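One structure is given here, and the rest of the page talks about it.
All chains are identified by letter, namely A, B, C and D, in their written order; residue positions are counted from 1 within each chain.
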(Lines give C-alpha, C1' and ligand atoms only; values in the text may rest on other atoms or scores of the structure.)
Protein backbone atom coordinates (compact mmCIF):
# COMPACT_ATOMS: atom_id res chain seq x y z
CA UNK A 1 0.00 0.00 0.00
CA UNK A 2 2.70 2.47 1.07
CA UNK A 3 4.73 1.42 -1.96
CA UNK A 4 1.79 1.85 -4.31
CA UNK A 5 1.10 5.33 -2.95
CA UNK A 6 4.76 6.31 -3.21
CA UNK A 7 4.82 5.13 -6.80
CA UNK A 8 1.68 7.04 -7.66
CA UNK A 9 3.13 10.20 -6.11
CA UNK A 10 6.40 9.86 -8.01
CA UNK A 11 4.48 9.45 -11.28
CA UNK A 12 2.42 12.53 -10.47
CA UNK A 13 5.47 14.63 -9.63
CA UNK A 14 7.39 13.39 -12.67
CA UNK A 15 4.52 14.42 -14.95
CA UNK A 16 4.17 17.84 -13.29
CA UNK A 17 7.87 18.79 -13.42
CA UNK A 18 8.73 20.74 -16.53
CA UNK A 19 12.37 19.99 -15.78
CA UNK A 20 11.87 16.25 -16.17
CA UNK A 21 10.60 16.79 -19.70
CA UNK A 22 13.36 19.29 -20.46
CA UNK A 23 16.15 17.07 -19.16
CA UNK A 24 14.72 13.72 -20.33
CA UNK A 25 14.47 12.38 -16.76
CA UNK A 26 12.72 9.01 -16.48
CA UNK A 27 11.08 7.51 -13.45
CA UNK A 28 12.67 4.09 -12.96
CA UNK A 29 10.78 3.15 -9.81
CA UNK A 30 9.63 4.34 -6.42
CA UNK A 31 8.38 2.93 -3.15
CA UNK A 32 8.12 3.89 0.50
CA UNK A 33 11.18 5.97 1.31
CA UNK A 34 12.98 5.49 -1.99
CA UNK A 35 12.92 6.55 -5.66
CA UNK A 36 15.04 5.96 -8.73
CA UNK A 37 15.45 8.38 -11.65
CA UNK A 38 17.52 8.12 -14.81
CA UNK A 39 18.84 10.64 -17.33
CA UNK A 40 21.00 10.38 -20.43
CA UNK A 41 23.82 12.92 -20.69
CA UNK A 42 23.19 15.02 -23.78
CA UNK A 43 25.47 17.48 -25.53
CA UNK A 44 23.63 20.44 -24.04
CA UNK A 45 24.51 19.13 -20.54
CA UNK A 46 28.29 19.39 -21.00
CA UNK A 47 30.66 21.81 -19.33
CA UNK A 48 33.74 23.31 -20.98
CA UNK A 49 35.72 20.11 -20.38
CA UNK A 50 33.23 18.12 -22.49
CA UNK A 51 31.84 16.09 -19.58
CA UNK A 52 28.53 16.34 -17.73
CA UNK A 53 28.14 19.64 -15.85
CA UNK A 54 27.95 19.11 -12.08
CA UNK A 55 24.72 21.07 -12.13
CA UNK A 56 23.01 18.40 -14.24
CA UNK A 57 24.26 15.57 -12.02
CA UNK A 58 22.95 17.45 -8.99
CA UNK A 59 19.65 18.11 -10.78
CA UNK A 60 19.12 14.39 -11.38
CA UNK A 61 19.95 13.50 -7.76
CA UNK A 62 17.73 16.30 -6.50
CA UNK A 63 14.83 15.00 -8.59
CA UNK A 64 15.06 11.51 -7.07
CA UNK A 65 15.37 13.10 -3.62
CA UNK A 66 12.18 15.14 -4.21
CA UNK A 67 10.21 12.04 -5.20
CA UNK A 68 11.46 10.06 -2.19
CA UNK A 69 10.81 12.75 0.41
CA UNK A 70 7.25 13.38 -0.85
CA UNK A 71 6.41 9.66 -0.86
CA UNK A 72 4.30 9.82 2.31
CA UNK A 73 1.92 12.25 0.56
CA UNK A 74 2.82 15.29 2.63
CA UNK A 75 4.14 18.18 0.55
CA UNK A 76 7.85 18.33 1.38
CA UNK A 77 10.58 20.71 0.29
CA UNK A 78 14.34 20.48 -0.03
CA UNK A 79 16.05 22.68 2.52
CA UNK A 80 19.64 21.83 1.81
CA UNK A 81 21.76 19.31 -0.06
CA UNK A 82 25.37 18.26 -0.38
CA UNK A 83 26.99 16.51 -3.33
CA UNK A 84 30.43 14.94 -3.78
CA UNK A 85 31.58 14.28 -7.32
CA UNK A 86 33.52 11.03 -7.61
CA UNK A 87 33.88 10.42 -11.34
CA UNK A 88 33.11 12.17 -14.61
CA UNK A 89 30.13 11.33 -16.79
CA UNK A 90 30.58 11.30 -20.56
CA UNK A 91 28.08 12.38 -23.21
CA UNK A 92 25.79 9.48 -24.11
CA UNK A 93 26.01 7.82 -20.72
CA UNK A 94 22.80 7.14 -18.82
CA UNK A 95 22.98 7.91 -15.12
CA UNK A 96 20.71 6.48 -12.45
CA UNK A 97 20.08 8.27 -9.15
CA UNK A 98 18.71 6.24 -6.27
CA UNK A 99 17.41 8.10 -3.23
CA UNK A 100 16.85 6.37 0.10
CA UNK A 101 15.59 7.72 3.40
CA UNK A 102 18.37 7.79 5.99
CA UNK A 103 16.46 9.29 8.91
CA UNK A 104 13.30 11.20 9.71
CA UNK A 105 12.36 13.16 12.85
CA UNK A 106 9.40 15.49 13.17
CA UNK A 107 9.18 17.59 10.03
CA UNK A 108 12.78 16.93 8.96
CA UNK A 109 14.16 14.09 6.87
CA UNK A 110 17.55 13.13 5.46
CA UNK A 111 17.93 11.20 2.22
CA UNK A 112 21.05 9.60 0.74
CA UNK A 113 21.29 9.54 -3.05
CA UNK A 114 23.82 7.63 -5.16
CA UNK A 115 24.31 8.46 -8.81
CA UNK A 116 25.80 5.60 -10.80
CA UNK A 117 26.68 4.94 -14.44
CA UNK A 118 25.90 1.81 -16.46
CA UNK A 119 29.30 0.28 -15.73
CA UNK A 120 28.51 0.43 -12.02
CA UNK A 121 30.91 3.21 -11.08
CA UNK A 122 29.67 5.84 -8.63
CA UNK A 123 29.51 9.26 -10.29
CA UNK A 124 28.31 11.21 -7.26
CA UNK A 125 26.96 10.83 -3.76
CA UNK A 126 24.35 13.31 -2.51
CA UNK A 127 22.65 13.95 0.81
CA UNK A 128 19.49 16.00 1.09
CA UNK A 129 17.69 17.56 4.05
CA UNK A 130 13.93 17.96 3.66
CA UNK A 131 11.18 19.67 5.61
CA UNK A 132 7.50 18.94 5.37
CA UNK A 133 5.14 21.79 4.56
CA UNK A 134 1.41 21.17 4.63
CA UNK A 135 -1.17 19.57 2.41
CA UNK A 136 -1.17 16.45 0.28
CA UNK A 137 0.85 15.90 -2.88
CA UNK A 138 -2.02 13.98 -4.53
CA UNK A 139 -5.61 13.19 -3.68
CA UNK A 140 -5.46 9.56 -2.55
CA UNK A 141 -9.08 9.03 -3.51
CA UNK A 142 -8.36 10.07 -7.11
CA UNK B 1 46.42 41.99 -14.32
CA UNK B 2 45.04 39.15 -12.20
CA UNK B 3 41.56 40.56 -12.71
CA UNK B 4 42.03 40.81 -16.48
CA UNK B 5 43.20 37.19 -16.65
CA UNK B 6 40.31 35.99 -14.47
CA UNK B 7 37.87 37.81 -16.72
CA UNK B 8 39.40 36.33 -19.86
CA UNK B 9 39.20 32.84 -18.34
CA UNK B 10 35.56 33.28 -17.35
CA UNK B 11 34.71 34.44 -20.89
CA UNK B 12 36.53 31.43 -22.31
CA UNK B 13 34.75 28.98 -19.99
CA UNK B 14 31.37 30.60 -20.56
CA UNK B 15 31.77 30.22 -24.33
CA UNK B 16 32.91 26.60 -24.05
CA UNK B 17 30.09 25.43 -21.76
CA UNK B 18 27.17 24.02 -23.68
CA UNK B 19 25.13 24.33 -20.51
CA UNK B 20 25.49 28.12 -20.43
CA UNK B 21 23.94 28.33 -23.89
CA UNK B 22 21.23 25.81 -22.96
CA UNK B 23 20.29 27.54 -19.72
CA UNK B 24 20.76 31.14 -20.89
CA UNK B 25 23.51 31.82 -18.34
CA UNK B 26 25.21 35.19 -18.72
CA UNK B 27 28.61 36.24 -17.47
CA UNK B 28 28.05 39.37 -15.41
CA UNK B 29 31.65 39.87 -14.33
CA UNK B 30 34.73 38.13 -12.98
CA UNK B 31 38.01 39.04 -11.30
CA UNK B 32 40.66 37.45 -9.11
CA UNK B 33 38.86 35.01 -6.83
CA UNK B 34 35.32 35.96 -7.79
CA UNK B 35 32.75 35.61 -10.58
CA UNK B 36 29.14 36.59 -11.15
CA UNK B 37 26.64 34.72 -13.35
CA UNK B 38 22.99 35.41 -14.08
CA UNK B 39 20.11 33.30 -15.39
CA UNK B 40 16.43 33.98 -16.02
CA UNK B 41 14.04 31.32 -14.71
CA UNK B 42 12.19 29.87 -17.70
CA UNK B 43 9.15 27.62 -17.79
CA UNK B 44 11.29 24.57 -18.57
CA UNK B 45 13.17 25.15 -15.27
CA UNK B 46 10.12 24.70 -13.03
CA UNK B 47 9.39 21.85 -10.67
CA UNK B 48 5.95 20.44 -9.97
CA UNK B 49 5.16 23.32 -7.58
CA UNK B 50 5.64 25.85 -10.41
CA UNK B 51 8.80 27.40 -8.97
CA UNK B 52 12.45 27.07 -10.00
CA UNK B 53 13.76 23.52 -9.57
CA UNK B 54 16.56 23.36 -6.98
CA UNK B 55 18.70 21.69 -9.61
CA UNK B 56 18.68 24.82 -11.77
CA UNK B 57 19.51 27.09 -8.84
CA UNK B 58 22.41 24.79 -7.97
CA UNK B 59 23.49 24.73 -11.63
CA UNK B 60 23.73 28.52 -11.73
CA UNK B 61 25.71 28.67 -8.47
CA UNK B 62 27.98 25.84 -9.63
CA UNK B 63 28.70 27.73 -12.86
CA UNK B 64 29.85 30.85 -10.99
CA UNK B 65 31.90 28.63 -8.67
CA UNK B 66 33.62 26.97 -11.66
CA UNK B 67 34.59 30.35 -13.14
CA UNK B 68 35.90 31.63 -9.80
CA UNK B 69 37.99 28.58 -8.94
CA UNK B 70 39.62 28.45 -12.38
CA UNK B 71 40.51 32.16 -12.29
CA UNK B 72 44.19 31.59 -11.59
CA UNK B 73 44.52 29.70 -14.89
CA UNK B 74 45.09 26.28 -13.37
CA UNK B 75 42.48 23.73 -14.46
CA UNK B 76 40.38 23.16 -11.34
CA UNK B 77 37.47 20.80 -10.65
CA UNK B 78 34.56 20.81 -8.23
CA UNK B 79 34.94 18.07 -5.67
CA UNK B 80 31.92 18.77 -3.52
CA UNK B 81 29.31 21.42 -2.89
CA UNK B 82 26.56 22.24 -0.44
CA UNK B 83 23.50 24.37 -1.04
CA UNK B 84 20.84 25.74 1.30
CA UNK B 85 17.61 26.94 -0.25
CA UNK B 86 16.25 30.05 1.49
CA UNK B 87 13.46 31.31 -0.76
CA UNK B 88 11.63 30.25 -3.90
CA UNK B 89 12.33 31.70 -7.33
CA UNK B 90 9.40 32.38 -9.64
CA UNK B 91 9.27 32.00 -13.42
CA UNK B 92 10.52 35.16 -15.11
CA UNK B 93 12.83 36.16 -12.27
CA UNK B 94 16.49 36.72 -13.04
CA UNK B 95 18.87 35.27 -10.47
CA UNK B 96 22.45 36.35 -9.93
CA UNK B 97 25.04 34.03 -8.39
CA UNK B 98 28.18 35.60 -6.96
CA UNK B 99 31.07 33.30 -6.08
CA UNK B 100 33.92 34.44 -3.80
CA UNK B 101 37.00 32.61 -2.62
CA UNK B 102 36.78 31.83 1.10
CA UNK B 103 40.07 29.98 1.55
CA UNK B 104 42.75 28.20 -0.44
CA UNK B 105 45.45 25.79 0.73
CA UNK B 106 47.64 23.68 -1.51
CA UNK B 107 45.46 22.19 -4.24
CA UNK B 108 42.18 22.77 -2.38
CA UNK B 109 39.95 25.83 -2.35
CA UNK B 110 36.61 26.76 -0.83
CA UNK B 111 34.23 29.22 -2.46
CA UNK B 112 31.10 30.83 -1.04
CA UNK B 113 28.31 31.57 -3.52
CA UNK B 114 25.18 33.65 -2.89
CA UNK B 115 22.24 33.47 -5.26
CA UNK B 116 20.00 36.53 -5.10
CA UNK B 117 16.91 37.78 -6.90
CA UNK B 118 16.29 41.27 -8.28
CA UNK B 119 14.46 42.37 -5.13
CA UNK B 120 17.58 41.62 -3.12
CA UNK B 121 16.31 38.54 -1.31
CA UNK B 122 18.69 35.62 -0.95
CA UNK B 123 17.42 32.58 -2.84
CA UNK B 124 20.22 30.19 -1.92
CA UNK B 125 23.65 30.02 -0.32
CA UNK B 126 26.20 27.55 -1.72
CA UNK B 127 29.67 26.46 -0.69
CA UNK B 128 31.98 24.62 -3.08
CA UNK B 129 35.20 22.68 -2.53
CA UNK B 130 37.61 22.64 -5.48
CA UNK B 131 40.80 20.81 -6.33
CA UNK B 132 43.33 21.84 -8.92
CA UNK B 133 44.25 19.38 -11.64
CA UNK B 134 47.05 20.27 -14.05
CA UNK B 135 47.48 22.43 -17.08
CA UNK B 136 46.26 25.88 -17.99
CA UNK B 137 42.65 26.84 -18.71
CA UNK B 138 43.71 29.23 -21.48
CA UNK B 139 46.94 30.12 -23.24
CA UNK B 140 47.87 33.48 -21.68
CA UNK B 141 49.83 34.46 -24.77
CA UNK B 142 46.76 34.02 -26.96
CA UNK C 1 22.09 48.66 20.08
CA UNK C 2 21.86 45.54 17.92
CA UNK C 3 25.58 45.01 18.44
CA UNK C 4 25.29 45.46 22.20
CA UNK C 5 22.45 42.94 22.38
CA UNK C 6 24.34 40.45 20.22
CA UNK C 7 27.35 40.78 22.45
CA UNK C 8 25.30 40.29 25.60
CA UNK C 9 23.71 37.18 24.10
CA UNK C 10 27.06 35.70 23.11
CA UNK C 11 28.39 36.28 26.64
CA UNK C 12 25.30 34.61 28.07
CA UNK C 13 25.58 31.59 25.76
CA UNK C 14 29.32 31.28 26.34
CA UNK C 15 28.78 31.17 30.10
CA UNK C 16 25.97 28.63 29.82
CA UNK C 17 27.80 26.18 27.54
CA UNK C 18 29.59 23.48 29.49
CA UNK C 19 31.51 22.71 26.31
CA UNK C 20 33.11 26.15 26.22
CA UNK C 21 34.57 25.57 29.67
CA UNK C 22 35.60 22.01 28.77
CA UNK C 23 37.29 23.02 25.51
CA UNK C 24 38.72 26.36 26.67
CA UNK C 25 36.69 28.32 24.11
CA UNK C 26 36.94 32.09 24.49
CA UNK C 27 34.55 34.72 23.22
CA UNK C 28 36.61 37.14 21.14
CA UNK C 29 33.75 39.39 20.05
CA UNK C 30 30.23 39.46 18.71
CA UNK C 31 27.85 41.89 17.02
CA UNK C 32 24.76 41.86 14.85
CA UNK C 33 25.09 38.84 12.56
CA UNK C 34 28.63 37.86 13.54
CA UNK C 35 30.64 36.25 16.33
CA UNK C 36 34.23 35.26 16.89
CA UNK C 37 35.45 32.40 19.11
CA UNK C 38 38.97 31.14 19.85
CA UNK C 39 40.37 27.87 21.17
CA UNK C 40 43.88 26.58 21.80
CA UNK C 41 44.60 23.09 20.50
CA UNK C 42 45.47 20.91 23.50
CA UNK C 43 46.95 17.43 23.60
CA UNK C 44 43.56 15.88 24.40
CA UNK C 45 42.22 17.32 21.10
CA UNK C 46 44.62 15.37 18.86
CA UNK C 47 43.78 12.54 16.50
CA UNK C 48 46.05 9.58 15.79
CA UNK C 49 48.17 11.65 13.41
CA UNK C 50 49.06 14.08 16.24
CA UNK C 51 47.11 17.02 14.79
CA UNK C 52 43.80 18.58 15.82
CA UNK C 53 40.86 16.20 15.40
CA UNK C 54 38.38 17.48 12.81
CA UNK C 55 35.68 17.12 15.43
CA UNK C 56 37.29 19.82 17.57
CA UNK C 57 37.72 22.19 14.64
CA UNK C 58 34.05 21.67 13.77
CA UNK C 59 33.08 22.18 17.43
CA UNK C 60 34.81 25.58 17.52
CA UNK C 61 33.17 26.69 14.25
CA UNK C 62 29.80 25.41 15.42
CA UNK C 63 30.13 27.40 18.65
CA UNK C 64 30.73 30.68 16.77
CA UNK C 65 27.82 29.80 14.45
CA UNK C 66 25.51 29.26 17.44
CA UNK C 67 26.39 32.66 18.90
CA UNK C 68 25.90 34.43 15.57
CA UNK C 69 22.55 32.84 14.71
CA UNK C 70 21.09 33.58 18.17
CA UNK C 71 22.22 37.22 18.07
CA UNK C 72 18.75 38.60 17.34
CA UNK C 73 17.52 37.16 20.66
CA UNK C 74 15.28 34.49 19.16
CA UNK C 75 16.25 30.97 20.26
CA UNK C 76 17.76 29.39 17.15
CA UNK C 77 19.06 25.90 16.46
CA UNK C 78 21.57 24.41 14.05
CA UNK C 79 19.85 22.21 11.50
CA UNK C 80 22.79 21.27 9.34
CA UNK C 81 26.39 22.24 8.72
CA UNK C 82 29.17 21.54 6.26
CA UNK C 83 32.91 21.83 6.85
CA UNK C 84 35.88 21.65 4.51
CA UNK C 85 39.28 21.06 6.06
CA UNK C 86 42.01 23.04 4.31
CA UNK C 87 45.06 22.71 6.56
CA UNK C 88 46.12 20.89 9.69
CA UNK C 89 46.24 22.50 13.13
CA UNK C 90 49.12 21.62 15.44
CA UNK C 91 49.04 21.25 19.22
CA UNK C 92 49.60 24.61 20.90
CA UNK C 93 48.10 26.62 18.04
CA UNK C 94 45.23 28.98 18.82
CA UNK C 95 42.43 28.91 16.25
CA UNK C 96 39.89 31.67 15.68
CA UNK C 97 36.46 30.97 14.14
CA UNK C 98 34.57 33.91 12.71
CA UNK C 99 30.90 33.39 11.82
CA UNK C 100 29.04 35.82 9.56
CA UNK C 101 25.44 35.80 8.38
CA UNK C 102 25.22 35.00 4.66
CA UNK C 103 21.45 35.06 4.22
CA UNK C 104 18.24 34.88 6.21
CA UNK C 105 14.68 34.17 5.04
CA UNK C 106 11.74 33.46 7.31
CA UNK C 107 12.88 31.11 10.05
CA UNK C 108 15.99 29.92 8.18
CA UNK C 109 19.46 31.43 8.15
CA UNK C 110 22.80 30.54 6.61
CA UNK C 111 26.12 31.47 8.24
CA UNK C 112 29.63 31.26 6.82
CA UNK C 113 32.41 30.50 9.28
CA UNK C 114 36.15 30.70 8.65
CA UNK C 115 38.61 29.05 11.02
CA UNK C 116 42.08 30.56 10.85
CA UNK C 117 45.39 30.07 12.65
CA UNK C 118 47.70 32.78 14.02
CA UNK C 119 49.83 32.79 10.88
CA UNK C 120 46.76 33.70 8.85
CA UNK C 121 46.29 30.40 7.07
CA UNK C 122 42.75 29.08 6.70
CA UNK C 123 42.31 25.82 8.62
CA UNK C 124 38.67 25.19 7.69
CA UNK C 125 35.63 26.77 6.10
CA UNK C 126 32.19 25.95 7.52
CA UNK C 127 28.63 26.75 6.48
CA UNK C 128 25.71 26.36 8.86
CA UNK C 129 21.95 26.32 8.32
CA UNK C 130 19.87 27.51 11.28
CA UNK C 131 16.20 27.58 12.14
CA UNK C 132 14.53 29.75 14.72
CA UNK C 133 12.49 28.11 17.47
CA UNK C 134 10.56 30.28 19.87
CA UNK C 135 11.29 32.41 22.89
CA UNK C 136 14.11 34.75 23.80
CA UNK C 137 17.68 33.76 24.49
CA UNK C 138 17.99 36.37 27.24
CA UNK C 139 15.68 38.78 29.00
CA UNK C 140 16.56 42.13 27.43
CA UNK C 141 15.39 43.98 30.50
CA UNK C 142 17.80 42.07 32.76
CA UNK D 1 40.78 -11.09 5.91
CA UNK D 2 39.70 -7.61 4.84
CA UNK D 3 37.43 -7.45 7.87
CA UNK D 4 40.19 -8.58 10.22
CA UNK D 5 42.55 -5.92 8.85
CA UNK D 6 39.89 -3.22 9.11
CA UNK D 7 39.24 -4.19 12.71
CA UNK D 8 42.94 -4.15 13.56
CA UNK D 9 43.28 -0.68 11.99
CA UNK D 10 40.29 0.68 13.89
CA UNK D 11 41.72 -0.64 17.16
CA UNK D 12 45.07 0.96 16.34
CA UNK D 13 43.49 4.33 15.48
CA UNK D 14 41.23 4.24 18.53
CA UNK D 15 44.22 3.68 20.81
CA UNK D 16 46.25 6.43 19.13
CA UNK D 17 43.55 9.13 19.26
CA UNK D 18 43.81 11.26 22.37
CA UNK D 19 40.28 12.47 21.62
CA UNK D 20 38.81 8.99 22.02
CA UNK D 21 40.19 8.82 25.55
CA UNK D 22 39.09 12.39 26.30
CA UNK D 23 35.55 11.87 25.00
CA UNK D 24 35.09 8.26 26.19
CA UNK D 25 34.62 6.98 22.63
CA UNK D 26 34.42 3.19 22.37
CA UNK D 27 35.06 1.04 19.33
CA UNK D 28 31.95 -1.09 18.86
CA UNK D 29 33.10 -2.88 15.71
CA UNK D 30 34.69 -2.44 12.31
CA UNK D 31 35.05 -4.32 9.05
CA UNK D 32 35.78 -3.64 5.40
CA UNK D 33 34.20 -0.28 4.59
CA UNK D 34 32.41 0.23 7.90
CA UNK D 35 33.00 1.13 11.53
CA UNK D 36 30.87 1.71 14.61
CA UNK D 37 31.73 4.01 17.53
CA UNK D 38 29.82 4.84 20.69
CA UNK D 39 29.97 7.71 23.20
CA UNK D 40 27.98 8.59 26.30
CA UNK D 41 26.84 12.20 26.53
CA UNK D 42 28.47 13.71 29.62
CA UNK D 43 27.74 16.98 31.37
CA UNK D 44 30.82 18.61 29.86
CA UNK D 45 29.41 17.91 26.38
CA UNK D 46 26.27 20.05 26.84
CA UNK D 47 25.45 23.33 25.14
CA UNK D 48 23.58 26.18 26.78
CA UNK D 49 20.23 24.44 26.20
CA UNK D 50 21.36 21.46 28.31
CA UNK D 51 21.53 18.99 25.42
CA UNK D 52 24.51 17.53 23.56
CA UNK D 53 26.50 20.17 21.66
CA UNK D 54 26.41 19.59 17.90
CA UNK D 55 30.18 19.65 17.94
CA UNK D 56 30.30 16.50 20.05
CA UNK D 57 27.78 14.68 17.85
CA UNK D 58 29.87 15.62 14.81
CA UNK D 59 33.04 14.52 16.60
CA UNK D 60 31.61 11.05 17.24
CA UNK D 61 30.45 10.69 13.61
CA UNK D 62 33.79 11.97 12.34
CA UNK D 63 35.62 9.39 14.45
CA UNK D 64 33.64 6.49 12.94
CA UNK D 65 34.20 8.01 9.47
CA UNK D 66 37.97 8.16 10.06
CA UNK D 67 38.10 4.49 11.07
CA UNK D 68 36.02 3.41 8.07
CA UNK D 69 37.95 5.38 5.44
CA UNK D 70 41.32 4.13 6.70
CA UNK D 71 40.17 0.50 6.73
CA UNK D 72 42.08 -0.45 3.57
CA UNK D 73 45.36 0.45 5.32
CA UNK D 74 46.12 3.50 3.23
CA UNK D 75 46.45 6.68 5.32
CA UNK D 76 43.33 8.68 4.48
CA UNK D 77 42.18 12.13 5.55
CA UNK D 78 38.82 13.84 5.88
CA UNK D 79 38.46 16.59 3.31
CA UNK D 80 34.92 17.68 4.02
CA UNK D 81 31.83 16.58 5.89
CA UNK D 82 28.18 17.52 6.23
CA UNK D 83 25.90 16.83 9.17
CA UNK D 84 22.14 17.22 9.61
CA UNK D 85 20.82 17.26 13.15
CA UNK D 86 17.49 15.43 13.47
CA UNK D 87 16.88 15.11 17.20
CA UNK D 88 18.45 16.24 20.46
CA UNK D 89 20.59 14.01 22.66
CA UNK D 90 20.20 14.24 26.41
CA UNK D 91 22.91 13.90 29.07
CA UNK D 92 23.42 10.26 29.98
CA UNK D 93 22.37 8.93 26.58
CA UNK D 94 24.78 6.70 24.70
CA UNK D 95 25.01 7.44 20.99
CA UNK D 96 26.25 5.04 18.33
CA UNK D 97 27.68 6.25 15.03
CA UNK D 98 27.84 3.79 12.16
CA UNK D 99 29.91 4.74 9.11
CA UNK D 100 29.50 2.93 5.78
CA UNK D 101 31.28 3.43 2.47
CA UNK D 102 28.91 4.91 -0.12
CA UNK D 103 31.31 5.23 -3.04
CA UNK D 104 35.01 5.26 -3.84
CA UNK D 105 36.81 6.45 -6.98
CA UNK D 106 40.53 6.96 -7.31
CA UNK D 107 41.80 8.69 -4.19
CA UNK D 108 38.36 9.94 -3.12
CA UNK D 109 35.73 8.20 -1.01
CA UNK D 110 32.33 9.10 0.40
CA UNK D 111 31.02 7.65 3.65
CA UNK D 112 27.52 7.84 5.13
CA UNK D 113 27.29 7.93 8.92
CA UNK D 114 24.14 7.58 11.03
CA UNK D 115 24.14 8.55 14.69
CA UNK D 116 21.41 6.84 16.69
CA UNK D 117 20.32 6.74 20.32
CA UNK D 118 19.41 3.66 22.37
CA UNK D 119 15.71 4.08 21.63
CA UNK D 120 16.44 3.79 17.93
CA UNK D 121 15.79 7.39 16.97
CA UNK D 122 18.18 9.00 14.52
CA UNK D 123 20.05 11.88 16.16
CA UNK D 124 22.08 12.95 13.11
CA UNK D 125 23.05 11.92 9.60
CA UNK D 126 26.56 12.74 8.36
CA UNK D 127 28.34 12.39 5.04
CA UNK D 128 32.12 12.58 4.75
CA UNK D 129 34.45 12.99 1.78
CA UNK D 130 37.90 11.44 2.19
CA UNK D 131 41.13 11.52 0.24
CA UNK D 132 43.94 9.02 0.49
CA UNK D 133 47.43 10.27 1.30
CA UNK D 134 50.34 7.84 1.22
CA UNK D 135 51.73 5.16 3.46
CA UNK D 136 50.16 2.48 5.61
CA UNK D 137 48.13 3.05 8.76
CA UNK D 138 49.62 -0.05 10.41
CA UNK D 139 52.33 -2.56 9.59
CA UNK D 140 50.37 -5.62 8.47
CA UNK D 141 53.20 -7.89 9.47
CA UNK D 142 53.20 -6.64 13.09
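In this text, a residue touches a chain if its C-beta (ideal position, glycine included) is under 8 Å from a C-beta of that chain, and two chains touch if they have at least 3 such contacts.
None of these values were measured; they are calculated from a predicted model.
Undergrad: Looking at C-alpha means, what's the farthest chain from subunit B?
TA: For subunit B, the chain whose C-alpha mean is farthest off is D.
Undergrad: Taking all residue numbers at the subunit B/subunit C interface, are over half used by both copies (same) or under half (different)?
TA: Mostly the same residues form this interface, as more than half of the numbers used are common to both chains.
Undergrad: In whole angstrom, how far does the Cα centroid of subunit B sit from the Cα centroid of subunit D?
TA: About 33 Å separates the centre of subunit B from that of subunit D.
Undergrad: Where the centres are mean C-alpha positions, what is the separation of subunit A from subunit D, in Å?
TA: Result: the chain centres lie 27 Å from each other.
Undergrad: CA centre of subunit A versus CA centre of subunit B: separation in Å?
TA: Inter-chain centre distance comes to 22 Å.
Undergrad: Residues of subunit D touching 2+ other chains?
TA: 79-80, 82, 84, 108, 129
Undergrad: Spell out the residues on subunit D that touch subunit C in their complex, using ranges where they run on.
TA: Within the complex, subunit D contacts subunit C at residues 12-13, 16-19, 21-22, 43-49, 53-56, 58-60, 62-63, 66, 75, 77-85.
Undergrad: Hey, which residues of subunit C end up touching subunit A in the complex?
TA: Touch list, subunit C to subunit A: 79-80, 82, 108, 129.
Undergrad: What residues of subunit D sit close enough to touch subunit A in their complex?
TA: Those in contact with subunit A are residues 80, 82, 84, 86-87, 102-106, 108, 110, 112, 114, 121-122, 124-125, 127, 129.
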